[in-house]
Amino acid sequence: MNPANYLYLSALLFTIGAAGVLIRRNAIIVFMCVELMLNACNLAFVTFSRLHGNLDGQIIAFFTMVVAAAEVVVGLAIIVTFFRSRHSASVDDADLMKL
Amino acid sequence: MSFPLLTVTAVVPAAGAVVTAAVPAARRTAAKWTALAFALATLVLAAVVTARFSPGGARYQLTESHAWITAFGVRYELGVDGIAVVLVLLTAVLVPFVMLAGWHDADPLETSDRRWRPTQGFFALILLVEAMVVIAFESTDVFLFYVFFEAMLIPMYFLIGGFGDQAGAHGEDEQARQRSYAAVKFLLYNLVGGLVMLAAVIGLYAVTAHQLGAGTFSLPQILHDRANGTLTLSTTAERWIFLGFFFAFAVKAPLWPLHTWLPNAMGESTAPVAVLITAVVDKVGTFAMLRYCLQLFPAASKWATPVILVLAVIGIIYGALLAVGQRDIKRLIAYASISHFGFIILGIFAMTSQGQSGATLYMVNHGVSTAALLLVAGFLISRRGSRRIADFGGVQKVAPLLAGTFLVGGLATLSLPGLGPFVSEFLVLVGTFTRYPALGVIATLGIVLAALYVLVLYQRTMTGPVKAGIEGMKDLKVRELVVVAPLIALLLFLGVYPKPVTDVINPAVKDTLSDVHRTDPPPKVTVPAVAAAKENAK
Amino acid sequence: MSATAAAVHSLWTTRALADTAATPAIPTPHIEYAQLSPVLIVFGAAVLGVLIEAFAPRAARYAGQLAVSVVGLAAAFAALVALAADGYAQGRSHVAAMGAVAVDGPALFLQGTIVLIALVATFTFAERRLDPVAHGNRVDSFAAQGSAVPGGEQEQKAVRAGFTTTEVFPLLLFAVAGMMIFPAADDLLTLFVSLEVFSLPLYLLCALARRRRLMSQEASVKYFLLGAFSSAILLFGIALLYGYAGTVSYGGIADVVDGTAKLTPALANTTGNDALLLIGGAMVVMGLLFKVAAVPFHMWTPDVYQGAPTPVTGFMAAAVKVAAFGALLRLLYVVLPGMRWDWRPVMWGVAIVTMVVGAIIAVTQTDVKRLLAYSSIAHAGFLLTGVIAVSPSGVSSVLFYLVAYSFVTLGGFAVVTLVRDAGGEATHLSKWAGLGRRSPLLAAVFAVFLLSFAGIPLTAGFSGKFAVFKAAAQGGAVPLVVVGVISSAIAAFFYIRVIVMMFFQEPQPQGPTVAIPSPLTSTAIALGVAVTLVLGVAPQYFLDLAGKAGVFVR
Amino acid sequence: MISLAVDDLSYFGRDPWWLVVVKAVFCFAFAMLTVLFSIVWERKVVAWMQLRIGPNRHGPWGMLQSLADGIKLMLKEDVVVKGADKFVYVLAPVVAAIPAFMSFAVVPFGPADNEISVFGHRTPMQLTDLPVGVLYILATASVGIYGIVLAGWSSGSTYPLLGGLRSTAQMISYEIAMGISFAAVFLYSHSMSTSQIVATQQHTWYVLLLPVSFLVYMVAMVGETNRAPFDLPEAEGELVGGFNTEYSSIKFAMFMLAEYVNMVTVSAVATTLFLGGWRAPWPISTFWAGANHGWWPLLWFTVKIQLLLFVFIWLRGTLPRMRYDQFMKLGWKVLIPVSMVWLMLVASVRALRNENYDFQRVLLYVGGGVLAVLLISLAADVFRDRAAKKAEGAGQAGQEGPGDRFDPMAGGFPVPPKPGQTLPPVPRRRSRAPEAAEHQLVGKDGDDA
Amino acid sequence: MNAYAPILVLGGLGAGFAIFSVVMASLTGPKRYNRAKLDAYECGIEPTPQPAGGGRFPIKYYLTAMLFIVFDIEIVFLYPWAVTFDALGLFGLVEMLLFVLTVFVAYAYVWRRGGLEWD
């Protein structure tokens, strides 16, 4: 199959994720969109890895997963703490500090 | 290695600042005497420098040169020519008087003013300013000069904002607001000027680094390289860099229309600090025009001369006109100073030997005369607790000595023959006439106006019936006399016999002129005629 | 199916003869542990810190953590100095750990800076004299229990019991280790991983303020979401660059960009597609610009700086900037010099906008920490002018500026921790009015820092600014210098405003008090002053150092 | 060479489409039939253990009981509760069921080298194989968890929610230990493809080489499938039916089906990874060379699976349900460290052997290390016990009340305490967690989030 | 690609079966409306409008999930390492020992601070 299609898919996923980050207001969903972006990156890595015939991309995908996992752990901890003290996970409620 | 006399001259006041600041808070008097001692020591050193300087010798004497920041091509280079020597001496002379005049200014216990003003800080800051001004005069490295040119803003800023005048017309809060406004305005104007100059300094470095391989800021070296053709500035580059430099100096000097900080700063600061501003710090600006603008960028200077001259003349007239209209004694003197700085700049950019030596002499004379007038005015103001002209009247009846010294100071300001400023103003005008007669004529108007504002000021404050609040005014005390008398003596001496000073100045001026590739034009009008015209104007 | 050939398995001690023959041995990677020792030491100290958290009794943790952090950081610094003395900064600089980490001048210089910053930051982290004694326990600036709901019963219990979050020390060390790798990373993967290694602890540290916890948590959430977003962008950029060049090593990509690499058919196919390179490079640079808080990507800075515990803010403001600029330099100078005609105009724009916006918005700020945040944005702009120079002097000037800026910043934030009222730190500017009357020394010190930020001569800030502007001017970016100078002037205005407040305004009746710090914070502040003055008056040694360190290995 | 022959997996992916369909149907049928059989089998065995008869109405010996159950469930009313999220509610059982079947795709029923012929087409006795076959199994198993958690969530009711959560927590907790125990197998097989793993067990089954891994996996697989004694998600006493409380009719049947198929799957995996897969057991293989060829492997494979299923049933009939905290403790505090240490031990020994250290030296190094760790742990225990005793002594001296000692066996019968009396503490090992205050990863007021 | 196709076939088979059953059951089963029957089951008491405190549940579950992620990720590195173990030699062993040791430091921390306790 043409590798370009995978790249288009990856770019699409990345864009959806980025749009989600910018549009959605719920911190958890924003965060999930970030994860979606990371997964789009993984898809791109694996595709390019196949394209170039070397394994670097796949190894990077491993590391990306690890990093994403670490990010999940830290991020959920932060968001849950935030949620527990405010009973809301909306980023719009994070307005103690204004410009 | 010879004895680093110039360094020591600058280090002594700096050390004095540290020592004074370290005096325990309770021992105010000790701090004052310590500071005065250091100021006097500096005066002695400055005198030694002057004595060691031989007017006919090398252009820069007593030179010192050490590597400082090689990465920037910066050297610690000191050296004085005639102009610098005179100005160093002027600074060293004025500072002790400033201190004596402001002896009680920063002492909550000695005055009715209970604001928090650490005495040690006041005197330390004055010494710090002195040190920085001295080193700025002495340095022959552009970067070194720039560093202190900028750095002296900070102590001045604190002196203006932190130890300001309490004699304003409004309530305490309003005064505090005015004071900090004046201080910030002073700082921002000068800082902006300095930063523009920074860009120019960097530009200069880029040019030298590009052409010489290694960037340099050393004035002698740059002049040398330009003379033998290894360094050539393109016209555009030279003009831009010149403008950068000139902008900073014009703010500092101050040249119309960049002068607006000066009335605020002088109005809101105490008289001694005002003296420091106008008689000492601002001289760095005019000095730098003479030394850096003209020497480094002769072509650009010539290119810009017409505009600058026009601005200077506008400044003369504008300053004088506004001085006439002032109701505040210190602001009046400030506008008078703007007018005088116009004369100095006019002299510098007239590019004639008379004009330039007149301008240099004017720096000295203006320093001394303004100091005398301002300090006496300061005494006057502190006695009345107000600086509005309308609050005074008939002072000469209750305090004749005060009135007398005030008059002498005022007459010096309007350049009465026999007092120092006359000689310099005359020389400047002569120098201008030889090349730009029209401008000379207009500038002469400034003198007329000067007579007007000085005499009106005197008349309103000193003569007439004794006003309410003036009755019990005490005459000058011994300390105050000690401050004023030598200054008046100096004015008289310079007015009668300026030769020692001009002898020192003239060789340097000639060198500068030759750097600009200018010679005096053939005389069009004979000198006596001008003198006669001047007399008539009076 | 030759069963005899296979070795007879004798339980689980078999040696797999046949199998090793079948799978060719992978060449064993070679790791230069000695040259990586600084980072490893810091990591080791961090791990030790975690163990202390796990096993030491609560009372012993604080002292233990402090000791481990200080000793670890000092040892790391000693190791760095030893490496530099061995010539790894210059002649022997090379790429270690299978091309993952560069050991060269800029790397060692930046690592040294980061370690020293961390050392000073450790002092401010450990400060326990400032907050009032709570139930007989001395406490620091960090939450008694990060997981407890602010104001909840659990938190009150924790406060009464005198808990402190001593985990901040290992977190700091982990962040430091990540930051040390970040500017030394020599492939994009290491870059990304180290970015996360130092970001994640910082996200957590931001949420751990003892006072104003809601604000702190809010800062953390914002920082985290935006940080994760930016690192995702960075990662996609890496993916595209990998797609373009078929490798993630800096040298390899540079070769491909320069056209000196051997072309395989696949490579010939992808290198024909410049969009991969341009978009990928742009995205990676965007990720880094986020970390340095350059303007279109600066939105997080003020909020995070304001909400985070002040010692953390100081650490972040100083160390993140150092690490991120190091990485940015290496990326632009090693990977993408071949396309500098593409990125320079963009960076010009970014630098200009950063300087101007940072300075202008700062003017309207009323909170000291926010003010310093915007000032840090403006400084990022000044640093970018040095980056744009694309010359050795550009590198060395940025290195020098980073040193100057970071210590001043640390000192500045340390001063902020001292000015307190009933609600903790009094960061609103109006409360700082008249501070010069109440405690002249502190105000004077802060004034020195502010003057250095403003770039007044004879302070470190001036030397730094001169260095980067000089480099930029020599690189032909004179208009940039002019903009820089103008925004310096604007910036000077708000620094001066603070000084005016402190010295020329009457103190408020219910104004803040100035806490007497322990030697820890005093050291941090004193160091800040010392660096400010030394780098201002006699910067030659450090300029030389930065100059010698200014060559990247490839 | 075996490894080479199988490693490239060249026998797979060559079947014509009809053969693929046939084999897929076979896999599906195998799973279904095993499930149908084992439900009856389970009820029979449990009944037998409990001294009763068990199902005996439908078909001979009640063998059609499960079929009858299925039909009955099919004809029941399909209730969708009011608070449910309809779409997810219906989707959940489907999501739970599909992955259960899919795991069978890579399970080898026989040798991987065209041993058998189907309609004249020679083909391996396995649907397909992947280089990462075991990863694929793990992945499909994980997808199955979604079915359960979605079921719990979408019901919109308290018990299912908690049941779903519990079940998820349980599965993921045991997945780690399971994953680590797999790693030891890969260490020996050099491959993650199932056919290769079976191939490398030609001489020794990994259950002998890696007994600890096998035990860990056995425990984990019971936990993974939510079977007794780990059937906490469906703990009737606490959670009613757990995640499937609100399900009825065929949807409920789907969950049951998924559970049993999962049992079969994990048994098949255990067989493949540790019990030599389709290989004939030891005494048979020595005297009958044809046992591992042709269709015979299918027999051995089925027998092994049935044996493992019997173990499942046996456990259910024997052991009481565990408490949740004990269960999690077992997973996190025992299985994970044990399997990890074991893996490192195996790796160390193998690496040293590969470096040609002789066996005694290896034993010396590894054994020495293990011994040292044990000694340290022993010393630590001794000291802690001493400290604990001291603390206990101090505590008892204070609180010992006069006279009202509670005798739990007063009059020879177990009796409850009277008012004022307290139960003596159950004699058990002190918790290793020092103080309650130490538990601060979670706040006390942090019961909800 | 071919090696993956059978998986899809099998998956399709399973999906077909499951969906077919569910659809069929909804057709074959009786429909007898009863309001109480459609309520959530809570042992006969009036059901709460939302499950367990507004859909909130003990934070321990989050914690377990996070710990799972951390340790599961470790396995990501174990598998390729295990497969190529013999080829990596002693280097591989040492590196993995270091890695596992580091992970176990985190494990010890979590254990000691009560992250693994259920009460």
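Chains here go by letter, A, B, C, D and E, matching the order in which they are written, and residues are numbered from 1 within each.
Basically, a contact is a pair of C-beta atoms (placed from the backbone, for glycine too) under 8 Å apart; a residue touches a chain by one contact, two chains touch by 3 or more.
None of these values were measured; they are calculated from a predicted model.
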| item | value |
| --- | --- |
| Chain whose mean Cα position lies farthest from chain A | B |
| By count of C-beta pairs in contact, the leading pair of chains | D-E |
| Chain closest to the middle [Cα centroid of all protein chains] | C |
| Computed distance of Cα centres, chain E from chain B, in Å | 82 |
| Centre-to-centre distance between chain E and chain C (centres being mean Cα positions), rounded to whole Å | 37 |
| Distance from the mean Cα position of chain B to that of chain A, given in whole angstrom | 65 |
| Between chain A and chain D, centroid-to-centroid distance (C-alpha), Å | 32 |
| Residues of chain D engaged with two or more neighbouring chains | 190, 350, 354, 440-443, 446, 448-449 |
| Touching two or more other chains - residues of chain E | 59, 62, 65, 72, 84, 86, 89, 111-113 |
| For chain B, residues contacting two or more additional chains | none |
| Partner chain A, residues of chain C touching it in the complex | 146-147, 149-150, 189, 192-193, 196, 200, 203-204, 207, 213-215, 217-222, 224-225, 228-229, 231-233, 235-236, 238-240, 242-243, 246-248, 264, 266-267, 269-270, 302-303, 306-307, 361, 370 |
| For the chain C and chain B complex, residues of the former touching the latter | 396, 437, 440, 451, 454-458, 462-463, 465-467, 469-470, 473-474, 478, 481-482, 484-486, 488-489, 492-493, 496-497, 500, 503-506, 538-540, 543-544, 547 |
| Complex contact set, residues of chain A against chain E | 62, 65-66, 69-70, 72-73, 76-77, 80 |
| Chain B residues touching chain C - in the complex, by the definition given at the top | 67-72, 116, 118, 146-148, 150-151, 153-154, 157-158, 161-162, 176, 179-180, 183-184, 187-188, 191-192, 195-196, 198-199, 202-203, 205-206, 209-210, 215 |
| Footprint of chain C on chain E - complex, ascending | 84, 86-89, 91, 102, 105-106, 108-109, 111-113 |
